[in-house]
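In what follows, subunit A forms one complex with subunit B and a second complex with subunit C.
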Partner chain A sequence: MTASEAITKSRLHAYWKVMMMSAREDRANPLRIAGSVGLGVVRMILIAAIYKVAYELTHTTALPYENAIWSMGLYFAFIVGLSVRNVFRLIEKDVKDGNVEVSLIKPLDWRAVKICQQIGKNLLEFSVLVVAFFATLAIVVGFPDISHFSPVFIGGYLLIMLLAILSASAMFLMVGLTAFWLNDSQSVYRIVDRTIMVFGGSFVPIALLPGAVQDVLRYSPVGVYGASTQLFNPGLVKYLIPTLIASAAWSVVLLFFCQLVWRRAERRIEVNGG
Partner chain B sequence: MDAIILRDVSKVFTFKTHKGVKGFLRPDKKEVTAVNDISLVVEKGEAVAFIGPNGAGKSTTIKMLSGILQPSSGDIRVLGYQPLKQRRELAMRIGTVFGQRSQLVFNLPLTDSFMLTAHMYRVPETVAKERIAHLIEQFDLGGFVGQPVRKLSLGQRMRAEVANALIHNPDIIFLDEPTIGLDIVAKRALRETIKKVNKEQATTVFLTSHDVGDIEEVCQRTMIVNHGQIMLDAKTSDLKKNYLKSKKVGVVPADGLPESCVIHGIPAATQEGRLVFEVDTSKVALKKFLSSLLQKVDIADLTIEDTPLEDIIHEIYTKGS
Partner chain C sequence: MVSKTSSHPSEPIGNRPTSKLSRFWSYARHDLSVYWLTLRVQLRAAAMLRGAFITQVLGMILNNICFLGSWLFFFYHFGTVNGWSGTDFIGMMGMNALVFGLVFMFVVGLMDIPRHVDTGSLDSFLTKPNSVLSNLASSNVDVTTFGDLVFGVSLVTWYAVHIDASIGAILLFLIAMASACVVFFCFAALLPNILAFYVFDSEKLSRYAGILFLDAGLYPSGVLSGALRTILLVAVPSLLFAATPIDVIRGLHWEWVGLGALVAAFWLAFTLWLFKRALRKYESANLIGAR
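Moving on to the complex of A and B:
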């Protein structure tokens, strides 16, 4: 077997192709991406203006203003743009219209395929958003302080980001799987999503919260998910290793529970037809 | 060699009789037996029709065979695999087409869907390209292979679905109502290609359909199921031979339609300007009936028709219930 044949034969290559095919499908819709990026940029400018006022009024020094805004930019690009959480919609759709049956007879894991499809679907939008946000923020608010950057920090941060994708996928897969019982998992999604938004730093950066609250949140599933947007928070350097450990631990726990929920859900597959 | 073996397989679904708060307070359950103690063997290379009325247990059986559903009891082996436990290994060797569900990527050209399927089944790229080219030719997809799937007609899409299910060269193809919603031309084209795949590549075909044409044209063997049980398992050609007890004799009299006409106690019905006799050949020999008819009526035109297979199957269903 040649090297290229071996790659083709690998399951990972198959998942990669699923992701790329999904990205290709989305590329056929450039207007949607342009609209979404345009709206995102406007929103980012508005947030920068609101934060500017808040910083001037409160004289906050916990996190430099530029770093706070760049963190928000990363948050919107990563959490909203890449939108791993929307994997629940793909799962819910398959459950509702019965396509889960067809997907299960494929030689790949249905849930992993859905995660790849979801990431692939937004990969282009995410990439464009990152470039557009950072270009806009460089012009509007200036560059953040990156004196805390080091190869170890960047490596650790990338690992946290990967683990965040993994744990978020597991969390939102579970949300989607509730459709097996509730038929509509939208309500569960809202509860989980709002919790993440409140405690994950989307309204107020975690660095601006009281110390005790920060400590609790930092190592919670919501906190480790939010840590993936803390690239520009110098405070993360201090907590890098424990955050990494917590991210890995939560990924394992959430994947375990996801598997447990799936085993229960699998028993609920019924038949469309006789 | 046996491709499919089912031994005493049953599937019972349990439902809560009350939903919501009522269901929580009174968790009474109702059991529905979808498949009841079915045993069957399908040999490699056979084309088998698995037919029955709505709710007979066809889909449940096909979904147990492909590893989606777990049987409540009994043993299933498909190509030697236990479908539920070895679902992914089995998936590599079977192809499935569900008439009402698409497995193609809607917004991309057909070729992309085919390539994605090839990647999913880990078919090497050069082999996949050759195979896809062959299937495009075999299923006559060349005219629209570059178009997004959403723009295809139903007939084109169904042919593409079957071709897509064959990309990894499966040993068995499960077809669940593949011709549903197709026009006569599209149905014929699809049946022809399925037949060809069965003959040329010895791919085992397991087909469920409500369309008798699918069964007559594609399958050598027919199993009729009702109420979760196999009512009949016979060669498709024997179905007519064994169950055909009547023939329709149609006559256009040269001197116009008489008010009434009875031959050997069989009254004629008038249909579209002709007399039609339903002759029960177990009571009156066809030869005897025709000779009496020739004596009594001056014939301008004569037709003799078998009872449609559809009527025969309907009779078997009715007897079963």
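Moving on to the complex of A and C:
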């Protein structure tokens, strides 16, 4: 093993440790996890009930009822449960508290540490949420139609998920960094997050959106994040390759812009001393 | 400064009103004046960062538009469901934002109860000579509630004009809105945060409980019927703060107004009683700090 390989390995190990240390925070309070998972389940039951009435009265065939509800379950587990988006809060807090300058002298990349902390913090809750949603939805709405599943589709979907985490991290890091100029990045976060909510399949699965909207979404950064909730949309099979290419391209573009914003933000850092 | 006409609880006993009712009013007046003054100070502090203030208000309006948009896609796809169309949902969202803005503009400080209880900073609220609840309520402001209020008033006004609501329906609607505010105060502001007195580190849990109540009101749950509708009207009365007032304004359902008032009165009495009881469970943390 070369020296650079050893350094990379030890750094990766350090990031892993950061993630696992954050995961311990969740383990320390099982009641909180149980509560939030329980509430998530109730929320899903409510959405399932509303959709049941709508499906029964309109006999829509665009997407099977079960698949629609499972898609929304995926949105709430992956996007809301894992909460990569909340990395902006950690960034904003450090900017407001003036902890950035302290973090910068450490050997690990401050932004990467924040992402690891955010993912680690929600890892257990996300895992429990996935299990709870699986059990609840299986009982309440039944199993979805998975006839479109194939090894290539699953592999492609997993890649889309990874790219979604990457692009979402870059997107919300940029949102957090706006605190350098605005002091409070909550409003910018709201705009980005709500756009994802509308077009990411939160309350209406992407497959039920108007065709033109779906076409635009497929190639937009918002759609890239939302694509991670389309496991149960048989329509994704047809667009798997374009979605993958768009996901990869947007990840690169967003990472580039994130770096650009960070360079600008760095110039505004003031060391307080003391 | 506190109004000179209000009788301060720390005044010499000889100067205090003697009858129970007048004593209650004098305390209430005093608490309200202190509450109002504190809130004004908080508002001024929040408005000082003008850029952040404006972006937050506009951000909240945009946020609400996005939420509305996501469910409008639902009505775009399914059309009218159980008598509810996209137009009714716009009215419901307006009502929701209006109640949210109205309530949280005045009591958002209650959302900090879990943090105060966990860190022991509740001590400083307990030592003041006025109501703990009003003290807590005015301890913080959220400027985004202005965005909700503007959004809510605009949508509700548009809806009332759009459906050509009669004066009687508007009057009943205003009563239903008062009940909605009370129910919302109980379920979104106070009840979830009381949990902090019983469960450590309950901030997220309280937030989730509040969100769940809010969600059930934000979704087009007016389309529901049967047992779930009954639960959402009485046990977790989310329908009362969004869907019911819209039902009232479009159909003069005075019976919903009556039910709303009854449920609101019950939950208000229960919530205040529980808060008083829960407060006894608080243990001081011997926190030393300047306020």
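As a convention for this text, the second predicted complex is superposed on the first by the 263 of 274 C-alpha atoms of A that agree within 3 Å, B and C clash if a C-alpha of one lies under 4 Å from a C-alpha of the other, contacts with A are read in each partner's own complex, and residues count from 1 in each chain.
Just so it is clear, a contact is a pair of C-beta atoms (placed from the backbone, for glycine too) under 8 Å apart; a residue touches a chain by one contact, two chains touch by 3 or more.
Just so it is clear, the structure is predicted and the values come from calculations on it, not from any experiment.
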| item | value |
| --- | --- |
| When subunit B and subunit C are modelled together on subunit A, clash or fit | fit |
| Dominant contact partner of subunit A by residue count, subunit C or subunit B | C |
| A:Ile105 touches, of subunit B and subunit C: first, second, both or neither? | first |
| After the two structures are overlaid on chain A, angle v-u-w for subunit B, subunit A, subunit C in degrees (C-alpha centres, nearest 10) | 80 |
| First, second, both or neither for A:Arg268, with subunit B first and subunit C second | neither |
| Touched partner set for A:Lys96, first subunit B, second subunit C, both or neither | neither |
| Touched partner set for A:Lys238, first subunit B, second subunit C, both or neither | neither |
| Partner chain(s) touched by A:Thr60 [first = subunit B, second = subunit C, both, neither] | second |
| Which of subunit B and subunit C A:His13 touches, first, second, both or neither | first |
| Which of subunit B and subunit C A:Pro210 touches, first, second, both or neither | second |
| Subunit C versus subunit B - closest C-alpha approach in the superposed model, Å | 6 |
| Residues of subunit A that lie at the interface with subunit B and also at the interface with subunit C | none |
| Subunit A contact footprint on subunit B (complex, rising order) | 13, 34, 52-60, 63, 66-70, 87-88, 91-92, 94, 96, 98, 100-101, 103, 105, 107-108, 112, 115-116, 119-125, 176 |
| Touch list for subunit A against partner subunit B, complex | 4-5, 8-11, 13-14, 17-18, 21, 24-25, 28, 98-99, 101-102, 104-108, 267, 269-274 |
| Complex contact set, residues of subunit A against subunit C | 29, 31-32, 35-36, 39-40, 42-43, 46-47, 49-50, 53-54, 57-58, 60, 62, 182-184, 186-188, 190-191, 194-195, 197-198, 202-204, 208-210, 213 |
| Touching residues (chain side subunit C, partner subunit A) in the complex | 49, 51-52, 55-56, 58-60, 62-63, 66-67, 69-71, 73-74, 76-79, 81-82, 144, 199-202, 204-205, 208-209, 211-212, 215-216, 219-221, 223-225, 228 |
